[in-house]
Every structure is written in C-alpha cells, then in structure tokens.
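Quick heads-up: structures coming right below.
In the two complexes that follow, subunit A is the common piece, with subunit B as its partner first and subunit C second.
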Partner chain A sequence: MKLVKMVTIMGIKIAKNKVNEFLERVKQEYVLYAPVENGVTKFEKIGDPADICILPNRTDISLKPIFFPPEQEFFRWSKDTEGYHIEDLLENEEKKVIFGVRGCDIRSLEILDTYMSGEFADPYYTQRRKNTVLIGLTCSYPRESCFCTAFGGMVPNHYDLWFTDIGSYYYVDVGSEKGKKLIFGDIFENATKEDEMKKNRKIKKVEDEIERRTRIDLCEIKRCSQEIKKKADDDIWRELGEICVSCGRCNFICPTCHCFDVRDITNLEGSEGERIRVWDSCHLYEYAKTSAENFRKERHARVRYRIYDKFVFPVMRYGVYACTGCGRCTDVCHANINLRDVLRRLIS
Partner chain B sequence: MPVDIAFVEGTPTTRDEVIKLLRIRKDCKVLVALGACADTGGVPGLVNTISKRDAIKVYQGNPPEISLNPKPLSYYVNVDYILHGCPFSRKELLELITDIVIGKEFREKEYSVCVECTLRENGCLLEQGYLCMGPITRGGCKAMCPSNGAACIGCRGPFEDANFKGHIRSLQELGFTKEQIIEAYSVFSYEKLKEVISWLKEE
Partner chain C sequence: MNPYIPRVVPIVDIREETPDTKTFTIAAPMSFQPGQFVELSVFGYGEAPISISGGDGKKIDLTIRAVGNVTNKIHRMQVGEYVGVRGPFGNGWPVEKAKGKNLLIVAGGIGLAPLKPVVEHVCSHREEFRNVTLLYGARKPSLMLFKYKFDEWAGYMDLLLTVDEAEPGWEGHVGVVTTLCDKIRHVADTITLMCGPPIMMKYTSMVLLELGFPPSEMYLSLERNMKCGIGICGHCAVGGVYVCRDGPVFSLNKAFRFIEKPHEVQGVLD
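Entry: the complex of A and B
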C-alpha cells in the first residue's frame, strides 16, 4: 500500500534514449550520483552520464558511504600560546540527485535517518542527507540473495521519482514535490493506460520471482521479532559462532549498520591533531570491551547480537526492522552464512 | 648505554645474538619488536617445518651459522610493543612513538585485514578464488596487498580472536587442499600456528 499521495494523476514516461539528456539537465543544478562499475559496482559522482552503468539489480555497495563514509574527519585542532583552535570540517550541504537507486537502498536510508537524524541527530550525517533527490529504478530481475518482498516489496513508500523499464520507455512515478520539479516537459511524455499496466506487470513479475526464491514473510513485525527474541538460547548461535570468522564484512556492507569508533590522532608534540570517525563492527572482539569487561567475548554472542540488532532491538525501540532484504551480507560472507536461512530457521 | 626505546628487527639465530638481545633488553626502557621476524619468527621460522639438513640446502654448500631455530623475540625476552608486518607500517611506527611520547595507550589491532579491506571497498579476493589469509591476519596495514590485487599472505601474524577453524572451513569449501592451507599458514606464523597446523594435519 502506498502512503504517498500521487502528485500527478496522469502517468508519465521517458524514452530510454532521452535519459542521458535528462540527467545532463539534472546535472546543471545538482551533483549527480549514479551506479558505476569499477571492480565492484557502487554509487559515485558522475561527470559524464555515459559512464553510468544501468544494472539489472542492486549495486554491490549501498548508498551508505555517500552519507556516512568509512572514514570521516570531524575537526582539526591546534594548540599555541593563545590556546586551542578548532577548525570544524562540517561540510556545506550539496544538492544531489541520486539516480538508479533501488527500493532496498531507499528503505535503508529511512532506517538510517531514524538512527542518525532522529533523537540524537548526527550533524555530519544530517548535513549530507539534506537536499537529496532520489530517483529509483525497478530491478529487472533479483539477485540470488535478494528478499526485499519479505519487508513489503520492491517499491518503497517514499521516493522522489521511480523509473520502471517498460521496453523502450521508462514509466515514471512521481512521489514528491521535489521529484515533480525534475519533470521537464520537453523530455517526458504522457503515458497511456497500457504503459501503466505494463509497469505493474513488470513489478509484479520481479516480486513474484523474489518471493518464489525466498519463501519468507516477515511482514508481521511484532510476531516475528517476538519469535526471534525467544530463540536467545537456540543451538543455531553456537553453530554460526563456529563458522563465523568475525571479519565484520556483513556490518560494513550493510546499508543500515551505523556503528562507529571515534579516534583522536595527534602529531608527536601533541600540538596538532584531528578527530576522525571510522566504521566499527559489532562482530569485532573489541566492540563490547569496556573498562570493566568484555561482555560479548564469545563469537556466538556477537553473531546473535547482530541478528538481534536488526530484528529485535529496533522493533522494540522504533517499531521497524533494521533490515531491508538487500542480501548484501549473505553475498559477502566468508562463512556462507545466509541471513534468509537463519531467519527462516528462527521464525519457523 | 641505556636508551628509552629500543627497536629490534629480526630474531636471533645464534647464541651470540641471544646474548646481544638480552643485553639490549637490560639497557632499554621500552623494547619494540619491529617487523614480522621479530614478531612471529617470520619466514626464517619456516626452517622449523622441515629437517635442518633439507633446510641448509638453500645456501648451496655455503651455509652460515644457524645454531638456533628462529623463534619470536618474546620467546627470549619481554617485549613491550610489537609492530607487526613485513614490512611494518610506517604509520603504525609513528603512532606508537607518538603514543609513548604523549603517554597514551598504544592499541593493538584486534581485528582482521578483512576489516580494513572492506573499508576500502575492495572486492573480496577469497571470493575470486585466491588463498587469502586476510580473515585470520591482524589488521593495521590498511589492506595494502589485497587493495593492489594480491592476496594477503599473513605477514602480520594472526590476531588473538581469529577463528582458524572457520577460515580453514571456508578455504576447504573453496577447494583448497589441506597441504595448500598448511603451506599458507606456515609462511609467516609457523611458530604461532603450530597447534592449528598439527590439528589440521591430524584432521
């Protein structure tokens, strides 16, 4: 069910060979980010729209690093006879359009927003998050690890524009005022009823494919999280603890994981330095180390904590899962731990 | 002559060198083991995996005096800090000296090379079929080798929390034989991984 009121009643579409012209026009006002292939597929700033790689499904690396980079400088400081001087490195917001975003990525931004721009707002994240226009794209077919349908489907509730491939055109859904401003009359055309039907068929086809593969339904949030909570002493955790190598890749690749460590780096005299933030991972031995003790020394406890921090704790606190079903963690796991299988075992 | 910080590179292989090491220990406040050989016994430690007669062949009839099997420095003396790796990281060296000078605690990296490799958004070499030692090797090198397309060979030695069985399992699933894994495990850290290697041999 869509929560967003459709801004336009008539459907619109854009010819595929006009997409580059459209993006070129967008670039005049915004910084454009889109998927590129460079060893791995990820979102990068685009100079020439011809570099854009239109993929059949999600990128290897999520949108997270754009807003919350792996290593970020907060401020630099120096000390002289007058005292300390601080140079804050909070950037000016940039107006950006991100093209080719998938449903799972948009959902993950919504989740990150609750953590990073909610009760305890992080200025560095919030600043980067401001003035972002998201142009979504329906996947052509899912990856082996995808299971976004378990969280309600491929098309998210909020987007600015949503493109769906319907042959030689993209059908365009408009989801916000920001998106509507990008509908240039000379590039977009009115769509027919038939186009809309094509779009719906296409989305349904891909969603059916995902569902057929995953056979997992997590839509009853309360019940599922209760079910997982009950399994705190299940054998599954020992089993996973034995094969997990604690590399933290699932955390880093996860579009909603947001733990970080703050470090101060100084020069030899201690007269100058900087404060940086780097990503941290709850799979690492030192993550739960305090001055008194390390309360998640055992590997299985760390594996369990990650699953709980996706499917139990956020539900208790915000009423949402912190998972979008993108399946990236499954793809990168050295131990071949499949999140879908784990969940299926937990809620069966 | 007493010094504040002594850096010892390499590891003793003769009695005289051991005596020299003991003297250094006595004369310094802080002893730092510098590099892989001092840390784990390093590549010279490989000699422990084969018989001495075979090992000496490498010198082609002109063998130097190797009276002792190479061991980590910590086998002989108390080591205050270790700078891992072959070569050790310049950045870490600066970090250590800074921390000692300004009185901050130097933090050992208790995580694997995979952590830094992932932070650099590299593709995974294990997935591409390389025998990568990243998952059990201590981070801190900023994943220099994997970032340049070469699999990690474990020069920094294993970190404390490493899951060897898990790593071996995933290597075997990728199709590597026991012998290949034993070889990779022995290159830099034979002295530290003896038990794992003998477990693997028996299994």
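Entry: the complex of A and C
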C-alpha cells in the first residue's frame, strides 16, 4: 500500500477560471467536444469554449452519437459500364478530446467497445473511437433516475483526466499517458493533501446520495443476471407488455444499444446512391421478422428481450452488464416504465 | 478490409425452380462450407441474407424466393446485370462429423437450398457415409425445388418425398414431413441436418427425438434477418448468441441451451 502511494504522482488541480484557457489550448491540437444546452443537453463540437455548459450531472443525450451516429454512410455506389463503382465513405481519423464526460458515459464506451471493436470489428465505429481523450467530471448531485453506483460507481476505472469540483478549483486525477500530456505546467497547480481529501469527500457524498435513492444493493446486482434468467415466465413481462408502447425511445437514448438496420438511398433513376445504416430498436414490431415468421411478435416478448439483452445475454457472452445505470431510458419512457423498479422487482 | 463493402459481380445464369423461386448463378469466386450464407446486395434496394445452394469456387448459386424488397427485385433482373455480395458468413453444416456414420437430411420448402451442397457432397463422396436419407417436404408438388435432380440423387440415397397437398400427377406421399419419419431406416449413429420453416423444424425434431435420435446429433439451421452478417447489428441475436456468427447451424442441444425458457427460439422449440 505504502509503495503504491510513493509512486503516485503528486495531486494536481486547476483553477476554475483557467478551465477555458485550458480548453482553448486543447483545441489547438484536438477537436473538442463538450456538453452544450440546446433544448436538450448533449455533447457537441465546440467552437468557443464559452458555449460549454458545465452541468451538475449527466447530459440528456449520451456520447453514443459521436461514435455511432443515428445515420452512418457506409459507401456510395454509382452505375458504370463495369457494373457499379463503389466508394468507401470511411472517414479520416479525428483526434478528439471530450470534456465533461461522466462515469456512465465512459462505462458505456467500454461496453460499446466490447460489442463493436472487440470480438467483431466495426470499421466505422473503430475509426471514430481511435485517438479519443476523455476528460471526466464528477457529478455534483445525481438525477432522479440515476443508479450508476449499481454498475461500478461514479468514477470509472479508465479515464484520461478526471476533474472533481472542490470549490474554486477542480481536483484533477490523471489516468493515462494521453491525459498526462495535457497537463500544461502554466495552467495546472500542485494540489494539497486537503484538496485530495475534499475530492474524496465530494465523490463519496454524491455516491451515497445515489445509493440512498436507488436502494439497489450492489450484491443484489451481482446476482441479478441469474435472478432475471429465472424469471422468463414472470407476470411482470405481461404487465410491462401491456403498458409499453413499443416506441423504441429507450433503445435510441440508451448509450449501449447499438442495433442498426442497413438501407439504400438512391436518386430517382436508381443510377447512384448510398448504403447507410440507421439505428434500429428491438422494441419495434419488424425487428425480428424474417421471411418465415416474426420471432418476437408479442410486445411483452420484446420488452423481455431488451431486459435480457442488457442483464443476461451480455453477461453470458462477455461477462459484462450492458447497462451503465444512467437512467436515460427511465427519463424518456412514454409509459413511465422505471428500469430501477423493474430491476428491483426482478431481483426481489 | 472493410466487411461492409460488397463485391460487385454479374448474374451469369437464372433458372426458374418454382413459380416464386429462382436460382441465380453469380460469378463470385468464393470458397464456402455447405450451409454458409452471403449478404446479397441489389443496389438501390438493400441487402438480404441468402444461403448458398451450390458453387464451384468460381461461381455460386443462390436459390431465392421472392418475399421482400431485395428478393422481389432480383427476380425481375436479367443475366448480365450486376449485384453485390459479401461473405460467406456463418458456420455451415457439420458434414465432417457425419463421416462414417448414417446421415439424415430433412428439408422443408426453401429449406432444401442450404442443404443442396450437402446432398451434392454426398453424391460425389458416397463412400464416406453409411446410410443416407433425404426427407423433403413441400406444400405442393409444383413448389418442390430441384425436381430435375431427384432421379440422380435417388441413385445415392433414400429419397422420401412428401407434399401437404397433392396435385394432378402426384403419386407420392401426402402429409407433413413428420408423417414420413417412421420410414427412416436408420436411427442409431445418425447425424441429422434439418432446415425448414420454424414450425416444421419444431415438430420434426420432436418426432425424431421420440424415435430415438439423440438431440446432440441433430443440427438445425435457423433463419434470422441478419443485417450485417458479422455479429454487430443485433437482428439475429437469440439468447446470447449471434445466429450469423455462431450459427446459423446449431445442435438441438445447444438451441435448447440458449435460454432455459425457450421463448427466444420461439417457433423452433417452444
């Protein structure tokens, strides 16, 4: 324990009024993304750091669209004498820094990575994911729907830099070499022991608050996969099936949902066009339809499938839960289905 | 290599099989295992997963029923027109496992298409197998695929044919596939390969289980609407496996195991 402490680099901090200067400097080398408010809060490419909105907690819309946009062009095709000419629309790499991400955002990227650049590789996602520096921010207080403590806590295991508000400063944790390169000597200062204690207290306070609200015990979550697996015939599915409207909003807002449909768009003559992918949702009627039959015709089967695909199947295949506890699905649900309540009922 | 980019290839031959099914030969140089599938692109219409029904390394055959956008469009295309193809994808039939054993091939309707390469393999390597039976059912005699091949195949294996509904000129068996199961002359040491509509696979596997065929030696090819073919788009996921990558061929044992409560393989095993 002692040894670890000795090699840990000295804590650092940044004055709040220097953050814009820091981001301005970052922008000289990277494309900067950060939360902005525009009706909803979401991550956008930043021109002027003054547009950035430092929020008390997570954004309404996750990081997913940056790496997996709602519509992604695969390639352009055009008719020629040799059949068709195909032009790959794989973008060039973009060095990006994303500022103001939360623990749930980073965890969602880890989950997307296992799906899309792990066992199977998706070139379009992987290309966008390359050269990404993540600068996280501790939440000031949780949202009503948050339950990230159930899936690993507010501060994730991997980050490049992690900011925690300690008054007039942000305490800065350095998590990687990439992050270390952004520590400009003239902007950051050395932190004191007291600053570090303040940071730890702050994180603990928010995590306790989330835990108090969610009341999903961590050890219960650990066995929730097995519990849910046993509940395939539970009445809860019929009940949820009756109130769910199959709109697919929970899929689209979910930071780890990654299903897509592949489509062609063409000009009127059909002589050229693009192959694109668009987000798809397992709640939609057509999702599991084949030429022979629709495998999840009933709404309750689709509700159940989504819960299984978050809490059972990924555990079987990859050993991870495909949920970050961000609570976005609860926030957007038309039928007021609260995922936390569903989980609580399933594991009780 | 970007796995989403199709190879552009011409259609070199079209053969009408039944009023709604045609076999397209496309000049795609590709080696494949029997039971694998490709993603067929018709530019402007999209992609559809189609199983390979034959090929010689330079060309592949795709036997296609007109049901959706892509398949209806290709039915209106001519020799010389171009399509796109990605693949082959999937695991294919465990033909190796059947060496030295009895082989039972059960097909329903268009389900014979992915099994045709196996049947052809049996014809050219007959000595590798002991008893071989092909059990094939279709709705009507006029909807049977590859009828012109039956005489040749009958020289190599027991051919059990049935139709749900007879038509003038049909002298064979009438009834669903399960009504022929007791005519199979070998039960022990038999590898079963099955492909057909979900309802047919469900009842046939139940009847075969009752007759004593072991579930670990029965293989089913599942149909799903794969969009990507590489395990990402999620459309083919059942119970934690991707039909496109881990399948489409699964042993009945494994299909049971997907989930204790088999709603996920609804139609096959529920």
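General observations
As a convention for this text, the second predicted complex is superposed on the first by the 333 of 348 C-alpha atoms of A that agree within 3 Å, B and C clash if a C-alpha of one lies under 4 Å from a C-alpha of the other, contacts with A are read in each partner's own complex, and residues count from 1 in each chain.
As a convention for this text, a residue touches a chain if its C-beta (ideal position, glycine included) is under 8 Å from a C-beta of that chain, and two chains touch if they have at least 3 such contacts.
Computed from a predicted model, the values in this text were never measured in an experiment.
In the superposition on chain A, contact is made by A:Glu293 with subunit C only, not with subunit B.
In the superposition on chain A, contact of A:Phe120 is made with subunit C only, not with subunit B. Using the contact criterion defined above for the overlaid structures, shared-chain residue A:Val278 touches subunit B, although it does not reach subunit C. By the touch criterion defined above, A:Thr266 lies against subunit B and subunit C together after alignment on the C-alpha atoms of chain A.
When the shared chain is aligned, subunit C comes close enough to touch A:Phe75, but subunit B does not. Shared-chain residue A:Val40: touches subunit B; no touch with subunit C.
By the touch criterion defined above, A:Val245 lies against subunit B but remains apart from subunit C after alignment on the C-alpha atoms of chain A. Here subunit B and subunit C are compared by how many residues of subunit A each touches, and C touches more.
In the superposition on the C-alpha atoms of chain A, the part of subunit A touched by subunit B in one complex and by subunit C in the other spans residues 266, 270. Of all residues in subunit C, those touching subunit A in their complex are 2-6, 8-10, 41, 43-47, 65, 67-68, 71, 82, 84, 197-199, 223-225, 227-228, 230-235, 237-241, 245, 259-261, 263-264, 266-267.
Considering their complex, residues 74-75, 77, 79, 82-84, 86, 88, 90, 115-116, 119-124, 229-230, 232-233, 258-264, 266, 270, 273, 275, 277, 280, 282, 287-293, 295-296, 301, 304-305, 308-309, 312-314, 316-317 of subunit A touch subunit C.
Within the complex formed with subunit A, the subunit B residues making contact are 94-95, 97-98, 101-102, 110-112, 114-115, 118-124, 126-127, 134-136, 159-163, 165-167, 169-170, 173.
Residues 39-40, 42, 60-61, 65, 70-71, 242-249, 252-253, 265-268, 270, 278-279, 281, 284-286, 299, 332, 334-336 of subunit A are the ones that touch subunit B when the two sit in their complex.
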